[in-house]
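I've put the structures underneath this note.
One chain, chain A, appears in both complexes that follow, with chain B as partner in the first and chain C in the second.
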Partner chain A sequence: MKIERRLRRGWPWAALALFLVVPFAIPEGFYLDLLMFTFMYAAMSVGWDIMGGYAGYVSLGHVGFFGLGSYAAALLLVHLGMPVFVTAPLVGVMASLLGAGLGFISLRTRGPAFVIVTLTFTYVAQLLTLDLKSVTGGSQGLFLPLLDLPANLIIIPFYYAMLALLVIAILVSIAIRRSKFGLGLIAIREDEGKAEASGVNTSFYKILAFAISVWFAGTAGALHAQYLNYVDPDLAFELIITLNLIIMSLFGGRGIVWGPVLGAFVIYPLSAYLVFLLPSRLAGQLHLVALGVVLVLVVMFMPDGVIRTYQAWRRKGPNDYRPVEPQASMAEAAG
Partner chain B sequence: MSPGLLAQSLVLGVLTGGMYALMAAGLTLIFGVMRVINIAHAAMIVMGAYLSLTLFLHLGIDPLLSMLLLIPVFLALGALVQWGIVNRLAERDITLTVLMTFGFAIILEGLQGAIWTSSYQGIKTAYSLESFQLFSLYIPVVRLIAAGVSLFLLAGLYALLTFTKLGRAIRATIQNRTSAQLVGVNVRLVTTISFAIGIAIAGATGPLLGMLFTFYPATHWLWIGKLLAIVVLGGLGSLRGAFVAAMLLGIAEQVTSVTLALNWAPMIFYVFLFGVLVVRPQGLFGAVERQSL
Partner chain C sequence: MSAAMNQRGGPARPISEPDANLVIRSVSKSFGGITALSECSLEVKAGSITALIGPNGSGKTTLFNCVTGFYRQEGGTVQFGDTLLAGLRPSGVVHLGIARTFQITRIFKKMTVLENMIVPIRQLGLRTLFTAGIKGYERERAEGLLEFFGIAFLRNELAGSLSFGQQKLLELAAALMAEPKLLMLDEPAGGLNPVMIDRLGAYIRDLNAGGMTFLIIEHNMGFVMQLCEPVIVLHRGRVIASGTPAEVRANPAVLDAYLGD
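Presenting the complex of A and B:
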């Protein structure tokens, strides 16, 4: 029993140790690139889930913060010469402040305002970067100076930065889950009226959760801009990024710390493989269709995600499994 | 800004606003009866545009005529999707329906790209470029047609909602679902019918959009942004509000593009959207949502 418990506690640390040595064991760009993007999506999904899973408020605008993070980091580097690895966390804080502002507009009331504001915020951000040509270069985009590293080593700092971002995301998510703040968010998800009546400052909690949630998107966007050495309005604000975060969170399980992580580690490599398989003329389009179909299927048939579905299946036996409502106690068991 | 230019942009704004009103009517109707934000609404409109374009290029069917074909097809499709998919989810977890319609939008966009490629398209008929002079005003024929057709369909919708038994049932369901059920309205059926009507209107607007604007698979994101701004400004679920807001924003868009710059015109929608949420979250005509504890 003790060994089993130790294994259960220890596997994240084992995985972390493994990922830390991967660049030495397999120095091939292809696998490092795949892992790096998986880390990036996992970190952003965990962030998305703080709002979408714990508080139950679906954001369709995380890519807006990702894109603005890209631009902010690019501008800081081009004009002030500040390296992205230094500015990325600060860019994340800027994203958080912006998120708090949007939250102030849309989270004071319940209802659909939040979804609408987050979705349209993406367009506003994209329009601004397109139209403020003197600052952002318009549709031409901005070029970032390259890192001073040999070509085959250039991915290494990004690999470790994204891994660090993921570790931070998981630790923050665990900390929130165990705090009174996290309990308040889950109360909001379960019944916002009752949460408010029992003394939870719902507006403040939601705004704070959203600010924390978008920090990861902004920071990841900053790192991503330097990785590509380029940013333009189409690349920075691809809605498929938001779509990916949502699918990953839902697939693994909303409101569970490890749910979005599992989702990212399954969905990202699979969808990279899919794009590789499809004929290049149609790859982008069919990839979009496939992601859309996966989202609809998950929402229809497995809204609780893999982890909860598996737990419920194991508890009840395969024959009388029924979809379960998300419950705080189950989230706790997995968190 | 000269008075002539102002008059010109007012006329164009009203003509375009008429079409916006029709587009938004379906969206706000669907929200009204089932509290679902149909993120795929604009993707369905663009789908209508593509189908109408194909009918026009291959069979020579005029886009205005193709509306008569699209309406029943989209009506049936809407009923099927609502009854078979959306309703099941809405009864289980309403917050997830927005993710489902988001998924529909993505699927439609991908399919359109796979079938029609992602290059720019437009429906160019013989009368596409014609216009006439009224006093000193320049009036493009297609805009006039689009506004006329839109107002005709909106009048039909208004008559349906005001003078028929079904319309009364729909309005009752929008106002209070539970009470409507208590007085004997079959709210499930009414919801399915309303959803189908909303989708049918979206399909019917497709040809108009295709005649007035260029489109490609990803354009629906621009349109859903505009439409959401209209329905929020008007008050979610309010048809009258959507009409007023569509006119207001249609005019504001034209005036901005004349006075400021063409590329800032889309921003006016978001300025109004964010502004109204700060000042009056329920919109111009919306009722304050009451929720029991």
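Presenting the complex of A and C:
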């Protein structure tokens, strides 16, 4: 039992140590690129889950913040010469402030209405970047200056930045889950009216959760733009990015810290491998079909995600019998 | 069990002085063409166990919803102590010291019993918000209340797995976590067996002796007549009688309302 507990506590640190040395052991671009994007999706998915998993509000607007983060960082670099590694967290803060504003309006709605409002936000943001040609370059996009590093080393700072973003996302998610704020968010997901009647200021909680949630999307967008040295409206506001976040979260388990992380570490590499292995004229479509199949299978057979399904399976095992302490009490009278 | 019974931060300790009356004046509320409350006025004296009775559809729960911020009243005022409640969110009403339970028991079924207890804490300020959920004073208080209601042994169980009676107790215990001055109970005895009803009555008496005010909607007349004074009778959105249980029982308007006119 002691060993199991140590393993359970130690594996994230072991994984972190491993990821820290990977660039020294495997300097090959493909694998570093694969890991870097996995970190990025995992961080954004953990961020999405703060709103979608804990509070139960499914947002399709995260890619909007990702895209705006890309453009904001690009503009700050192109016009003011501010390096993305400095501006990325600030761009995240900008996304959070915008998210709080959008949340103030959109979080008055719930369910499908909230989904539609956040989706509309994404399209409005995309249209703005298309139409404000003098600032954003319109459909031609913006080209960002390359980092002053040898070509084979350019990925390294992005790799560590995305890893740091993922670590922050996990720590924030753990802190929220353990806090009164986290309990309040889960209460909102379970029964919003009851949560409000319990003294939880549901509007404030939701706006704060949304602002925290989109910080990761904005920051990741900023780093992503500099990594590609380019940003355009199609690339920055691709809806598949948000759908990926949702599928990853659903796959691992919504409302669990490690759920979206597991989802990202399974779904993104699978997706990337499909694109890599399939003929290029099919790859784009087939990997989307594969994502769809994964989504259907998860919803049908593991609606609570892999982690909860596994936990439930373990609980049913003969080794985990937990007797309820017998006690003569009021509760017994309650039947 | 006595009013000062709990050494671990149970219900008696944190309740504020019973200084706030709930005064409802000329409150109206309608839904489409149906008038649920029509210039309804009543007063709940601090420190009392007041019953609100009346036939189905008389406006009792609507009145609860108006007081607790779930409905916006169309006229009149609701005042608690020196504060007018108009325009307050339900959470704001809780922070003023008014907690409630619901006619159909509402708990967070996928959360544990202990988590259900921690949610209703008065959470003011970002610093408090990001402190650990189940720790320190709140934990002790939650444990104390669970002990008080005899469901402490279920602390780590999912609330949805509790029996109906246990869920009722949990809802009541969780409402007390907000440290209310006034607790509004909507049919607390509904669906409970007689042993349980007796014990529930004893708990309410204990809490009242500790200074808590109660406003109780209830159809179980035995429970009301033994426990509550005054009794206020609502019919078609208006107060038609109020007084001691004996006075209300003898009031012809009340008999008319219940037996039909």
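In the analysis below, the second predicted complex is superposed on the first by the 312 of 335 C-alpha atoms of A that agree within 3 Å, B and C clash if a C-alpha of one lies under 4 Å from a C-alpha of the other, contacts with A are read in each partner's own complex, and residues count from 1 in each chain.
One rule holds in what follows: a contact is a pair of C-beta atoms (placed from the backbone, for glycine too) under 8 Å apart; a residue touches a chain by one contact, two chains touch by 3 or more.
Keep in mind that what you see is a predicted model, and the values were worked out from it rather than measured.
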Touched partner set for A:Leu243, first chain B, second chain C, both or neither: first
Touching partner for A:Thr202 - first (chain B), second (chain C), both, neither: second
Greater residue coverage of chain A in the superposed arrangement, chain B or chain C: B
Touched partner set for A:Leu183, first chain B, second chain C, both or neither: second
Which superposed partner A:Gly193 touches (first chain B, second chain C, both, neither): both
Chain B versus chain C as contact partner of A:Lys316, first or second or both or neither: neither
Touched partner set for A:Val289, first chain B, second chain C, both or neither: first
Chain B/chain C common contact set on chain A: 193-194, 197
Chain B - residues contacting chain A, complex: 31, 35, 37, 39, 85, 88-89, 92-93, 95-96, 98-100, 102-107, 109-111, 113-114, 118, 217, 221-222, 224-225, 228-229, 232, 236, 263-264, 266-267, 270, 273-274, 277-278, 281, 289, 291-293
Chain A contact footprint on chain C (complex, rising order): 68, 70, 89-92, 94-95, 99-100, 102, 106-111, 115, 118-123, 128-133, 149-151, 153-154, 157, 163-166, 168-169, 174-175, 178, 192-193, 195-196, 199
Residue ranges of chain A touching chain C (in the complex, touch as defined): 175-176, 178-184, 186-187, 190-191, 193-203, 324-325, 327, 329-335
Residue ranges of chain A in contact with chain B within the complex: 56, 58, 60, 105-106, 108-113, 115-117, 119-120, 123-124, 127, 130-131, 193-194, 197, 239, 243, 246, 250, 282, 284-293, 295-296, 299-300, 303, 323
